[in-house]
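The structures come next, written out as structure tokens.
Here come two complexes built around subunit A, the first alongside subunit B, the second alongside subunit C.
The block that comes next holds the complex of A and B.
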């Protein structure tokens, strides 16, 4: 009884209330609802093509066991055969004609036996079909899609950090006429959602000749009001004395920006970098209208076009989906604290 | 080139808004637009209502004295980071006719359901999946608001033997109001613009049961053989009109709630 009390004791040194039990029940249901679909996806992505079309599906990836038999070039599928005397035996199938299968005993491959297919069951073993993943790189232009996504994410994030920090530097460390209105003008663009200006953005991209070019996806969203806001607020906290001291030592304005302000804004830059990576990696609507040629597809576009095909090859599609969610999951696992505090602080996503 | 496109006045708006009988949407010239508007309104009302309730409940639970709060907060936040395409594919895989949900139904002894090709169910799943994907974000905003409420208020309430329900309705909710308004309006602004998850999950179908305004803009402007930029832009302005109303409502509500705070 005392151990039970000890286990159920909460921080307030009282034992668990029924509301606590309810809370934990809610959390556990939440855990299941949020993660079970993802876990199911990951497990399914390791199934072979045959196992994936099986109904009802199993949670773990099973595949039929195969065995190498002398005199046969390819591995033969194993079955559990019920014999007339009631005993069971594992046998390999050589070929099948109608409802009868020619089967052999792997230990004694000379003897062939005709077995009705209703008298046998496949022998399954747990097997992770890694070739769903490795095939992606050989069979499809998956490498191109991955490269396009990585290129857009990395280049756009670097440009975003550079341009936004320069704007934030000017808005926080220089005094000039109309400073406030410029800042307000930039912040005001937060109110214009990208879906509204889809047509004009597309027409501009088209006119500049960036249609079906990765730069057509990178450039339109490089200057973000969120980033300018985030960085400006942080740079305001950097003491002006530092900059004045640098000016006394005849440091150029570029040097002040590059050697003093940027290193000191590292925490805010990190938050913006995380945001930018997630925005760019997950972006869908802008690439969808700008990139229509297959060789420029990002992972998101490739996934979309794959799932729209008549015969969806789910085993490849699922593997591709897992690869696409992997970087974001890693970012989440290691940087969760920064992301959640960043969002709670700025109220933006 | 801008010069090669002649000025057409309000023609595009006329195409969008012209109906023979305004009580029967199928008589409209662009009945698909009207259906998209109707679907978007229905979706937004249901989704935003459920979103606010669920994220409030989750934030209240996370604000209690629980072990491993950071972990649990992360659990609800994780889907927010996933791309809309990935979210849609995760659920499409579960909901397809041979998927896990139907396996569950068959094991239960009932007949499988075509979740995504039945219009009622398809609409339900668009609402569910979009809540699943975005709830963590709003939970986070509400949790930050809850943690900013001074603890001594609750101690005083405990001294006065106020019931938990009374504490919730008289202390927590009034003080959380600014955050609740932010969540309400942000959720509404994003619900009106719903596109990517639904586009991949159902493709707007079956029929036009889950076609929303942004998908209409995308299809008229970019997906169909002839790109009708003018018509798409006109539909964008109609969407902008909704968003302006929502933003003005936010300003109004925020001001009203601030005034209420001062009186108290």
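The block that comes next holds the complex of A and C.
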């Protein structure tokens, strides 16, 4: 109840203030704009191939009803036929030649009727085509693609967090000659567009022998200047006295990093993790140039390969897209909590 | 045995010299207080003793061994920071155990030591809490516990009471004194509050602008301040400084001819008969309960403060005459240095 109260807050007490109207209109439009495509996507992923190509499109997944008739091996599609006397009857269609359809009454299968296709309309029922999803795992090597994507994302994120936090720790808590220059150099690489270094990166990966390997996708982009910058700025807020107290507590530099600085940087690490997961999961360009063998494809590459030159299997494509969306959404929802929890700054007054 | 010796210690940050050459000896088991106004270099000095900063020149010797090159962790010192510097993501137990874990002490021994320290400081019920869930006084005790657990040669305190409210400060002062008596360890304590210095120290080191002004027991500093700075810094309310001409004309104290100023503490003034002392006009009176602080004006328009009994009812505008016993009159020359009574 309190959630509802929160969601339906208004400024005006009894009737709506004009700012309320504006706010809610804006919010509703925004919600619709952002959410409608996703909802449409999910609904369409449950449609059969035929239903997807239907025009005008329907929102809910409808498929034509079928019925088993004696003497026919496969289920026959059901139509509502308008007869000469004006009444309507459900009849099954055996086949169709040109504009005339051969229809039979399911109750009396011997009688055949020739009906003009304009006199009939399909009987639809709501049908969720679960096979769109199950086929992915059965017919195609979808599991492999999923595994590749998950592997790359998880390992790359962990490595990114580790390496970037080490660099940030050194740049924020140690004073050494050239510290500023090193930092500026790292930030300066942000000015280089990735497309320029695409070919050199490919050549290097090739030389090292990491082509067609998941590590070839993971390793080149593990150290990110954005990550270093973000973490460094956050670590600057960790009081130096904590580090000094740890030094006096006999802690080695590694222990200071691992047991003091890293746990206290958790909010910034969570932000970097979200960035990294979202980027790696959706990354298309780097896997495209590194991976050419089918068994190493990530989900994004697989989605791409599903679009054939002449024919696109939309129902599988949509189902795969929905599955591709899910993990990132979950990770984001889970990690968002950590960003809003302030952890450091409470032991020092 | 844990003695400390500083020899010609100097510290320079870039072009600014902060410590100008300090020589000091601290004996085993002494409670030494470094006191001085803000910016006098007392915290810097403490950090150099701890090993967190490197001296530009001079030596730090612990137990007669030069320790300039020895790391902070290996000098055998434990520091209690002004902001306590507790690890906020660890429990109180983990905070205290951290140092021992780093030294690879066996778990059973860690537990024993932490329990001992917790008992000593009444932290037993708080061992599983996080620092964020503790009050200021409790956090401070955890910080002290963290230092005790390491069994250090020298305890270093960097203004530990300055973040506490007045009442808590008084009780913590007492606790620290008792702790010192119980542990018998050498303790070096930095503060800007001269009351803390006077009440807690075995020996006080008064610092100003990177130099030692005077080293002595609280009694020494109170009764024989060596210059006007120390005389004015120690003792509250502040010592009155009166131009010597006024005093020579009024009272019959033996004052050296080189004297330029005379210092008399507010609590040493006594009412006297006419012609025997200094004439002053009462301006305002502050009632403190057991005493009254009287702000008066002398004949040369300079102000003095007089601390009298609470029952003495002096009214503003009243003229009184006061003097002080000769041994409570301090004479200072032109440079502000103390002149002995029998100096010529």
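Odds and ends about this structure:
As a convention for this text, the second predicted complex is superposed on the first by the 236 of 349 C-alpha atoms of A that agree within 3 Å, B and C clash if a C-alpha of one lies under 4 Å from a C-alpha of the other, contacts with A are read in each partner's own complex, and residues count from 1 in each chain.
Here is the rule we use: a contact is a pair of C-beta atoms (placed from the backbone, for glycine too) under 8 Å apart; a residue touches a chain by one contact, two chains touch by 3 or more.
Only a predicted model underlies this, so the values are computations on that prediction, with no experimental measurement involved.
Shared-chain residue A:39: touches no atom of subunit B or subunit C.
By the touch criterion stated above, A:317 is placed in contact with subunit B alone, subunit C being left untouched.
In the overlay built on the shared chain, the residue A:239 is in contact with subunit C alone; subunit B does not reach it. After overlaying the two complexes on the shared chain, residue contacts for A:26 are found with subunit B alone; subunit C is out of touch. After overlaying the two complexes on the shared chain, residue contacts for A:191 are found with subunit B alone; subunit C is out of touch. Looking at the superposed arrangement, the partner reaching more residues of subunit A, out of subunit B and subunit C, is B. Legend: residue contacts after superposition of the two complexes on their common chain; A:260 is shown touching subunit C, with no touch to subunit B. Counting contacts by the rule stated earlier, residues 343-344, 347, 349 of subunit A appear in both its interface with subunit B and its interface with subunit C.
Taken in their complex, subunit C has these residues touching subunit A: 50-52, 71-73, 77-79, 81, 83-89, 98-99, 102-103, 130-132, 136, 139, 146, 150, 163. Within the complex, the subunit A residues that touch subunit B are 10-12, 19-20, 23-24, 26-27, 30-31, 33-35, 37-38, 40-41, 44, 53, 55-57, 191, 193, 195-200, 202-203, 207, 278, 281-285, 288-289, 300, 303-304, 307-308, 314, 317-318, 321, 324-325, 328-329, 331-332, 336-337, 339-340, 343-344, 347, 349.
Within the complex formed with subunit C, the subunit A residues making contact are 239, 241-242, 244-252, 255, 259-260, 263-264, 343-349.
The touching residues of subunit B, counted against subunit A in their complex, run 1, 57-58, 61, 64-66, 70, 72-86, 89-94, 98-100, 102-103, 106-107, 132, 137, 140-141, 143-144, 164, 182, 189, 193, 195-196, 199-200, 203, 214, 217-218, 221-222, 229, 232-233, 236-237, 239-240, 243, 247.
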